[in-house]
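Letters A, B and C mark the chains in the order given here, with residues in each chain numbered from 1 onward.
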Amino acid sequence: MKKIPLNVKQNIAFGTFRLLSLLVVAILFWILGFIIYQGAGVINWKFLTTSPSDGMTSGGIFPAIVGTLCLIVGSSIVAFPVGIFSAVYTSEYAGNGNIVKFIRIMTNNLAGIPSIVFGLFGMSLFVNTMGFGDSIIAGSLTLGLLTLPLVIRTTEEALKAIPDSFRSGSLALGASKLQTISRIILPMAFPNIITGLILSIGRISGETAPILFTVAAYFLPHLPHSIYDQVMALPYHLYVISVSGTDLEATRPLAYGTALVLILIVLIINISASFLRKKLQKRHA
Amino acid sequence: MLETKNINFYYGNFHALKNISMKIENNTVVAFIGPSGCGKSTFLRLFNRMNDLIPDTRLTGECIINEEDIYQKSIDVTNLRKKVGMVFQKPNPFPKTIFENVAYSLRVDGVKDSRFITQRVEESLKDAALWDEVKDKLKKSAFELSGGQQQRLCIARALAISPSVILMDEPASALDPISTSKIEELIHILKKDYTIVIVTHNMQQAARVSDKTGFFMLGELVEYSDTKKIFMNPEKEETQNYVTGRFG
Amino acid sequence: MKHTENELLALKEEVGQMWRLVLSQLEKAKQAFEGNDIELAREVASREKRVNSFELKIDSDCENFIALYNPVAIDLRLVLSLIKISITLERIADFADGIAKYVIDAAGNTEVEDLKDDLKIEPMFDAVIEMLSNSYMALESENTRFAGKILARDEIVDEIYRNAIQVLAEAVRNKKLDPENGLKTMLVIRKIERIGDHCSNIIEEIVFYIDAKILKHSKKEEAKD
């Protein structure tokens, strides 16, 4: 058999790679297009600003949007400080000892736990043992725990991306470790940390299982009054009206509309993340 | 004056510096030369305890700066590093303005007097022969400077806190010849006010800038004497082979 | 100014000092010879040591400069020519010393006194002194325009030298001069002639340094234009 020339081989290989990556984009657009096609019809001002009515076969999703935003804010408050500080500790202070290795392994394991398990755990600890009941605080704590490994890992990556020369440069000028981290390293890592945080927000907003037993209300046509109240949330609402509504056929368009809103929220968050990072990087470079 | 007595240094089990004793007079330039991995950089970093940052290292012997053993328990490392400045191989300005780069060491030292800071920044930049090039863009990012300018900024940054010793770890190896010669000129000027210890791969550079030269090999200080002697008539054969390029 | 340039200037200045010393040695040797001044001759002889130590100093400074600064191009030419010039200057000073020793040795000898005008020793002295001081000016001003002129003076020196041989031989033949004295005088004249040659070498070194041209062993005519 004749040998295939090297450049032909290469063309075949890269052609395949290109095809596969285009396939990914195509699938993404397919999903998006499908959701938009199905859901765009129901989206209007009323849909976004009113509560569901008629056994959730009509009306809007306003309480669910507010609920999801509440959970985003709540879980961020829980996860960000803990995540960032523990990442700073493990990557800047703790060196490379056994404890740190253990912490890393555990963090990775935490990331591997299915989210439904977090839900169960949150229910038993926050809802029952700590007595918060089904509430924003219980849901936020659960979601916070869920997203913690992601926050830690992205923060650690961001810190690791800062070359050591900046650390030694600062230390050699007589700065303490704390000064070095707070004045040089964190500001430099900030763009990447913030991106990681925003991505984790995106993840939080889409989670269903952890809020199932800890915060989400099946139907609650009013807004929460305090952090001890239940709320509706977009993903759970979507689940509910897709599988257990009173009239599934009637609610189908509403479900697609809800999905579209959820996707748009995540999309806006992601785009703003990359926008923010570019802006911050420009300022620091 | 800097002095080491019977310094031994270990990375884990690796014996990196073997029984090194050396005296460095004030206001002289001392160069360390030797093949890669000979321990010259490790030895340099003893003087501001940068080796402390590397885990699993061990030191025996005394390292004395101005009659004080800097490895005593009572020594505050951050204070030590304010007295012993350092310039690194690759220019490493912070992602801040030119002004803030130079002001950094003063700020971390807790200086609040902005008039004093402004004055010190100007003096340091002048001492580092950079003032004329940057005086109109102090508020610009340090990254806008060329590599050679960045390195002189790093020197200015080290000068701001008024150290008595400046350690330079191959300060010109990442620079073009013109920038290199500017750094070398600067070393000649700085010698009047500072004691300078410089590690270099470039033997000609050691010859040009230093008063005394130490030749390191395999963790040992093979020969330490006047630079003229090292390059004209070295005592040891290893030194001769190295400076003539017959080895290493 | 750059550090290397300063070092080079210092080297040049050192050679300049040596130069001035050798010039004054030569002038004093001439005066001692012309006036049979034994005191002055002794002074020349005693200052010979200073010239020697100058040479050693310049030698080692140049060596160090080459070892430390690895000069190239014009810097290298300058250092190389400074080394050679200092060696040559030292030789010239040796001759001056030799002449001074002759003056001391020949004290009270009047035989040669009458011949001095015929031998044209004074103009010969003047010619080499002028060559030496002019070549110094050439180095100071880094100007080789008068190199040809300076080299031309050497031919006058050579002519006087050839003439002096005739005069001395004549005097010895006519028994006006003791052969031993004649030979000793001959040696002095020979020394002055050699000084002229050495001055030519110096100017050749200066031309090598400034114009990177090698005049040595080429025809003198070329240098004149």
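To be clear about the criterion, contacts are C-beta pairs under 8 Å (C-beta built on N, C-alpha and C of every residue); 3 or more make two chains touch, one makes a residue touch a chain.
None of the values given here were measured: they were computed from a predicted structure.
Chemist: Is the way these chains touch best called a line, a ring, a star, complete, or other?
Modeler: Drawn as a graph, the chains make an open path, so a line.
Chemist: Which chain's mean C-alpha position is the greatest distance from chain A's?
Modeler: The chain lying farthest from chain A is C.
Chemist: At what distance in angstrom does the C-alpha mean of chain B lie from that of chain A?
Modeler: So the centre of chain A lies 47 Å away from the centre of chain B.
Chemist: So the centre of each chain is just the mean of its C-alpha atoms; given that, what is the distance between chain A and chain C in Å?
Modeler: Chain centres of chain A and chain C, defined by C-alpha means, are spaced 92 Å apart.
Chemist: Spell out the part of chain B that touches chain A in their complex, as residue ranges.
Modeler: Touch list, chain B to chain A: 48, 50, 53, 55, 78-82, 85-86, 88, 90, 92, 94-95, 104-105, 107-109, 141, 143, 154, 157-158, 161.
Chemist: Sort out for me which residues of chain C touch chain B in the complex.
Modeler: 2-4, 63-64, 67-70
Chemist: Using the touch definition up top, name the residues of chain A that touch chain B in the complex.
Modeler: 95-96, 163, 165-176, 179, 183-184, 187-188, 284-285
Chemist: Where on chain B does chain C make contact in their complex?
Modeler: Listed in rising order, the residues of chain B that touch chain C are 181, 184-185, 188, 204, 207-208, 227-228, 231-232.
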